[in-house]
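The two complexes that follow have subunit A in common; it is paired with subunit B in the first and with subunit C in the second.
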Partner chain A sequence: MQPAYVVETEQLSKFFKDKASKTQITALTDLNIKIEKGKLTALIGPDGAGKTTLMRMICGLMVPSEGKLTVLGRDITDRPQLVQNLLSYMPQKFGLYEDLTCQENMNLYADLHGVPQDVRKERFAKLLHMTGLAPFTGRLAGKLSGGMKQKLGLACTLVRSPSLLLLDEPTVGVDPLSRRELWEILKQLVSDEHISVLVSTAYMDEAAMCQHIIMLNHGKVLANETPEALLDVARGLCFVAATPPGIPARNLQAALLDDKENVIDAVPESGNVRFTVHSTDCIEKLAALKAFPGLQTWPVDVSLEDSFMMLLKKSETDPDDSPEFSLEYNKMPERSDQVLIEVRDLVRKFGDFIAVNNTSFQVHKGEIFGLLGPNGAGKSTTFKMLCGLLPATSGVLSVAGMDLRTARAQARANVGYVAQKFSMYANMSVKQNLRFFGGVYGLEPRHLNERIEEVMREFNLTSVAQKSAGDLPGGYKQRLSMAVGLIHRPPILFLDEPTSGIDPVARRTFWRQITAFAAAGTTIIITTHFMEEAEYCDRIMIQDQGKMIILGTPEHVRKEGGNSRTMNEAFISIVETNRNAGT
Partner chain B sequence: MHDSLSLFLRRVLFMIRKELITTLRDPKSQIILILPVLVQGFLYGYVANYNLDEAPYAVLDQSRSKYSVELVSKFDGSGLFKRARTLSNATQIADCIDSGDTVMVLTIGPEFAKQIASGQSAPIQVITDGRNTMTSGVVAGYASAIVANYNSELQNNQNLIDVKSITWYNPNQLTHWGFLASLLPMMSLSQIMMLAGLSVAREREDGTFEQLLVTPLGPIEILIGKAVPPILIGLAQCTLVLMLSVFWFKVKFVGSLATLYLTLLIFLISCVGIGLSISAISSSMQQVMVYNFVVLMPIMLLSGMSTPVRNMPEVLQYITYINPLRFAIEAVRRIYLEGATLGIIAPDFIPMVIVAAVTMPTAGWLFRHKLS
Partner chain C sequence: MFSLPDFTVIFMNDFLRRLKALVLKEYYQLMRDSSSLTIGIIIPIMLILLIGYGLTLDIKNVPTAVVLEDASPTVQDMLSFMTGSEYFETHYVTSMREAEKLMSQRKAEAIVRIPSDFTSKLKRGHADIQIILWGVDAATARTAGGYIEAGIAQWQAANRANYPVASTGKGAVVVTSRQWFNDANTSTWVFVPGLVVMIVTLVGVFLTTMVMAREWERGTLESLFVSPVRILEILLSKIIPYFCVAMCGFWLCIFAARVLFNVPIHGSFLIILFSSVIYLIASLGMGLTISSTIRSQFLASQIALLVSMMPTMMLSGFMFDLRSSPLVIQAVGHILPATFYMELIKSLFLAGNNWPMIIKNCSVLTLYAIFFIILSFKVTRKRLE
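Up next is the complex of A and B:
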């Protein structure tokens, strides 16, 4: 008889030794879960919660430290190969051979898995049809878009029909349209082939499509329920507050988020602010009512994200030591028509590949300007050209009134930059890093010490001043990067994907800082692949496949996108209209 | 004008300080900078030696006479040779050489005593191992010196011409003298190419280079900031080798320290230029390692350190003109052993300065314009 569960764990734990600090890191503790057969199960939780560790243990790539792990009815530590023959695993970064064509990649994986020739033909045809890759079999995998690469990765993973399919964040950084298509494929797999699927994801709308949800945080299970049951957590506690005219939605969101006594979470949505409260009577006591008398609020339907954030925030026991940035919530921002950044007909080619095609936009003083788009859309290339890290093939680029071609050093002096990857000197201390960057930005020696002390206070770094930057915990690293970016008080701040790879709570804290900087008059250019973060921006530009597909306020974008409620839907609608118009 | 100059200097100083901190803060890299210098210094001092002491040899004495015994005792008593085998017939000769037990076989023919007594010339045979031409040459030279000595004794010191050779600057012809002097530039070359080479590539890998490029630092400031620390470290390493050579191996330094350091400085600038250029075109540290390997090998071979430049094919001799190591070794040897003055070695600076003048600006330009 086949067991009813594909994965069963008993007191499963995993520890790692940290070589640098010689301490033990706990990735998972006392996990007791059961994953049902033939179902689509989502694994959610912030980065570092232990999702990947669990997946890797299930497929026998890691040995559990303690406890029992049964996969497909067998103890995985016993004979891992027997289990591995029955499951397929797609890691976060799937090993596609970029110099092989789609067909060659699939052949290769079929060879590796020993799929017989006669089975192959039918299987390939089905997979190609399902993934929509049939027209591209002759194309090199390296030349595919991010979404297509993931689909090809999935096709390669599925060259044989597994009993259990494990997918580790298959949709990170993939455009919303491809994400939707990938999930269609997954749902079809479960219904047609009765495959059991365990998929980890950072997107709550994806988790909502699953039949079961397991939520992890700090190596522990926070929830193990159906989506319906999970929704009950926040049911009746979700509200929307109307943004008063002339005030950016992010200011109201900041006001609500800062009100920790009453509000659990707040996020801008469709121009207003969605928030959750501890109990329904909190709505009368909102601190935001002081700043915004007569603030209108009304209850809304619960979403999975609300429940998720609620569980997450409640489970955070560590005292929050993130710095506070004061903000006058109800202060109208000074609108200025002064153009700080001007981009005209910008083109960047790499060989015959056009990474950025004829892009023009302006950024005004005091704005938060968002460059949005999926991975590979051209936003990083655009961003690098703005920072002077990459010369443009053609077009005009000026930053703070200075042409990037002729006066790059002066243009750069006006800009603060925070890279996507942590890029401070790892073996220099926090203070040495700040001193170095302050020094090369030309701060006067007598002001330098003062300024270092000031930013260390502002970003709560004083306690780690002498620590090597590389040894800092993640949150501190980002604060140090921000502190370095702002050490010379630049009028413009460039942020490259600052929110990728950080957990949702930290993302809220991060945007709260940005809101404060914007209110203080700093112009901010930010790239992100989280479409919903557009709601924090004053204006956004969305790029897809190197082309600028829309430019305007979030409201304008939603309207153009068929009056969509969310940015994701707007993106899908705009891209579809665009692509249809193109063909 | 004054303000912008002081700003420039300040930025450069911050760069240099940062480079020194990132290179030296790690205890592991401190070891890497000192240990190989000491190891190579000792190795060269003790191992790189063409001189032979107590070289094992075999004797086939078919004469068995007063003369032959006298001659063999000259060999045994020279300190240069040590008898390893005494053979009884000619068939044993091959084995002595083939097995590598002896480096030379001395054969004295049966007619030896008769020929001497009758005043004829008496040939003896010296067989050496040609598989190592260096040793075989030295051994043959030693043998003829001993024979010549005995010869003159037999003729009651009535040699008409007596060659008394004196090797200047190295009277005892100790090869490690020359090697230790060449080690100064050679050692710092390989270390500096590595340091300078890795400095930009490591930053590219860590992502810190982009963070550096978005600051207002100009290419010249970055270039100087990147070049000075490896040069300082290289000079410190040279000092270490110099002290080892003078105080441990007792090789007397007869030149002027100022001239020596000026030469090393100019040489190191040209090396840093090469290293930084390699670094700027590489996108990973691995790539730097490969390039360094490819570049260092010919630089060493074409330097004239172990094989004279005059023996190279003519084309290669011209190529050595772009090799800074060749001129550095030449200059340092002369300063160290001969006490050559600045005026004498100044022409050696020209090729080094030209290499530096080409590679430094190239590296500076490549920082920003590396093809992506």
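Up next is the complex of A and C:
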């Protein structure tokens, strides 16, 4: 008899030993879930929730610490090889051999799975057609774009029809168009071949396409429902507030988000602000009404993101110790036409590979300027050139009126930079780091001490001043990085992918800070691969495969993208229009 | 009904099919990845050329100032070995001051001073020659001093009849260095067999560690593990190609030894080949063990360098004779399989078949090979923790 569930867990727990501190880290506790056969199941939750650990245990790469785990009717700890023969798994890094061509990668997996030659021919033709990789079979996997790598990774796991397909965050950092294409393939597979699929994802629009959703947070199950049932959590509690003219949407969003008594979550959307409340009568009591009398609000349909954020915020038991950044919500931003950053015909080549192609833009004083695009689009390369970390192949670059080619040091003195990776000295204390970087930026010792006290107060770091930077929790680390970037009061702040790898709640807090800095007159340039974060920016530039696709206000971009509601849709529409125009 | 042989056939088919696919993959990667090719082919060739031609303990064209305070025909005759010799570049001067000036300008590495009463003293059977050496380069100075003493001793020996009682009192020393003097190629001959050890170690441990750790690091093993592949197949697919690469390096060395440097092989070539294969298997096992334990390419390569390449160069007797090292260093050297292999190879090349040693060292190497292969299977698990 075939079991009705492909995965069953009973009180499943997983602990890791942290070698450095000799403490036990809990990845998963007392998990009781059942994953149904023949269905598309989504595993959602913020980074560090335990999604990857669960995936790895299901395919026998990790051993459960406690409890029982049954996969395809077998205890996984018994003989994992028998289960591994039947299922396919695509790890986060895709697991492709970059020195092998697409065809060779697929052949390798077909050989390992023992797919007979006659079956293989038909299967390969189907997979290549579905993934659109047919023209690229002879290309090395390392030379494919992120979206194509992801599809090839999927094709390799599907050389034969597996009983269970596990995909670990297959779409992280991949462009929205490729993401949509991947999901079309997945949906087709489930309907054609009745494969059971478990896919972990950070994108709620993807989870919405699944038949079942399991939500994890801190190693515990927060929800185990159908998407419909999950929507009920926030149904009737979702509203949109209209942004008053002349005010950035992020200011209104900040006003709503700060009103913790009434509002659970708020996020800018299509120029307005979408928010969820504790109960319907909260809408009358909104604190934002004080700053914005006559604020118009209206109810909207619930989305999965609303329910997700609601469950997440309710499950967070830690007291919120994030610093308060005071902000006059209704203050009109001072617009000036002074160009702080000028980029003309910027080109950067690595060998014969063009990473950034003919890019031109200007950033005005007091703006939040966003560089958006999928991984490998050229954002980071553009960014590094702006910061003077990488010389441009050709083109003009000036920061605060200084040419980066001739006056790199002076241009840098005007700039605060927060790198994507945590780049503080891990074994120095918070205060020592601040003192060191302050010294590097040339602050006078007497003035420096005052400034250190000031930023520590501002970023709520006083309580951890003597702790080693490496031992801080994630949120503190990011605040320390920001404090260091701002220690010399730069008029311009560069932020490289500050929101990747942090959970949605922390992302809200982060943007709340940025809103305050912008209101205080700091010019901010930020890169992100989350398209929806464009809504926080005054103007954005979207890049794809080294080319600048579009430049303008978020409103302009949405309009150009076929009057799309979201940035994702706008991106897809613009890329498709460009490609059609090209052919 | 199944009969047992059928099962075996099916198993063997699956096993061979998967192994073939993995070895083919490894071959493509090796051919396309320039860093692997560099370590496997280019570095061995460079080592052969550099160490074969460049690394020699012999010195040539030593600039020497000769102070002829006594320029009698006897002295001229005694020093004739210096003129026209490729080992010396002589400057004849007449005063010590001139010679010292040359040395302080680094135009002379050695000063040979013949005192004015040399000939007369020689006839009485007791003559002195002063040799001053530029002691900053101690090794060069010692060798140069040895050359000069040897040259004079040679002349002395030839003219023993004329000056029967002549003695500078340095006889014993002179005779030992005489060998070096006459046989300029000796150090190349010693180094080239050692080169075989270096290159087999380089490919066996270092390259294998790199390629296996790369798979751990890039996450390719993660998806490979969740397939019907067995650990045996994964490890064999690493052992087979790199065994071949290392054997290429081995033959390259043998070719270079015979053709370029004319190193004799006094012992049995078959035993050289046999012991090399055993040592190579031990190296591969060591490389796989390191990479499966460390799993980060950078760290694993550092460890491989530290436990294989460096000690092979410093402690195995490649550069320095282990017998003259302190006991602790000797003990450390004898933990390494390379030391046993080095001893064996050198004696097979230069001395001949020394059966008790061949049997002892081959047995030790076999034990190492078995130990490391078993260990590599123990530490490589289809697990990510």
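Everything below uses one rule, namely that the second predicted complex is superposed on the first by the 583 of 583 C-alpha atoms of A that agree within 3 Å, B and C clash if a C-alpha of one lies under 4 Å from a C-alpha of the other, contacts with A are read in each partner's own complex, and residues count from 1 in each chain.
One rule holds for everything that comes next: contacts are C-beta pairs under 8 Å (C-beta built on N, C-alpha and C of every residue); 3 or more make two chains touch, one makes a residue touch a chain.
Worth saying up front: this structure is predicted, and the values here are computed from it rather than measured.
A.B. asks: Would you check which partner chain A:Val339 touches, where first means subunit B only, second means subunit C only, and both and neither mean what they say?
C.D. replies: After superposition on chain A, A:Val339 lies in contact with neither partner.
A.B. asks: Contacts for A:Met62 in the overlay, against subunit B (first) and subunit C (second): which applies, first, second, both or neither?
C.D. replies: In the superposition, A:Met62 touches subunit C alone.
A.B. asks: With both complexes overlaid on chain A, does A:Ala134 touch subunit B (first), subunit C (second), both or neither?
C.D. replies: neither
A.B. asks: Looking at the overlay, does A:Ala229 come into contact with subunit B only (first), subunit C only (second), both, or neither?
C.D. replies: Neither subunit B nor subunit C is touched by A:Ala229.
A.B. asks: Looking at A:Phe437 after the superposition, I want to know if it touches subunit B, subunit C, both of them or none. Which is it: first, second, both, neither?
C.D. replies: Touch status of A:Phe437: first partner only.
A.B. asks: If we overlay the two complexes on their shared chain A, which of subunit B and subunit C does A:Phe422 touch? Say first, second, both or neither.
C.D. replies: Once the two structures are laid over each other on A, A:Phe422 reaches subunit B alone.
A.B. asks: Is A:Val119 touching the first partner subunit B, the second partner subunit C, both, or neither of them?
C.D. replies: A:Val119: touches no partner chain.
A.B. asks: If we overlay the two complexes on their shared chain A, which of subunit B and subunit C does A:Ala4 touch? Say first, second, both or neither.
C.D. replies: A:Ala4 contacts neither subunit B nor subunit C.
A.B. asks: Any idea which subunit A residues touch subunit B in the complex?
C.D. replies: By the definition above, subunit A touches subunit B via 350, 387-391, 409-410, 412-413, 415, 417, 419, 421-428, 432, 435-437, 439-442, 445, 484, 494.
A.B. asks: Under the stated contact criterion, what part of subunit C meets subunit A in this complex?
C.D. replies: The touching residues are 14, 17-18, 20-22, 24-25, 28-29, 32-33, 218-220, 222-230, 382-385.
A.B. asks: Write out the stretch or stretches of subunit A touching subunit C in their complex.
C.D. replies: 16, 56, 59-63, 80-81, 84-85, 87-100, 104, 107-109, 111-114, 140, 153, 156-157, 166
A.B. asks: Which positions of subunit B touch subunit A when the two form their complex?
C.D. replies: 7, 10-11, 13-15, 17-18, 21-22, 25-26, 206-208, 210-218, 221, 369, 372
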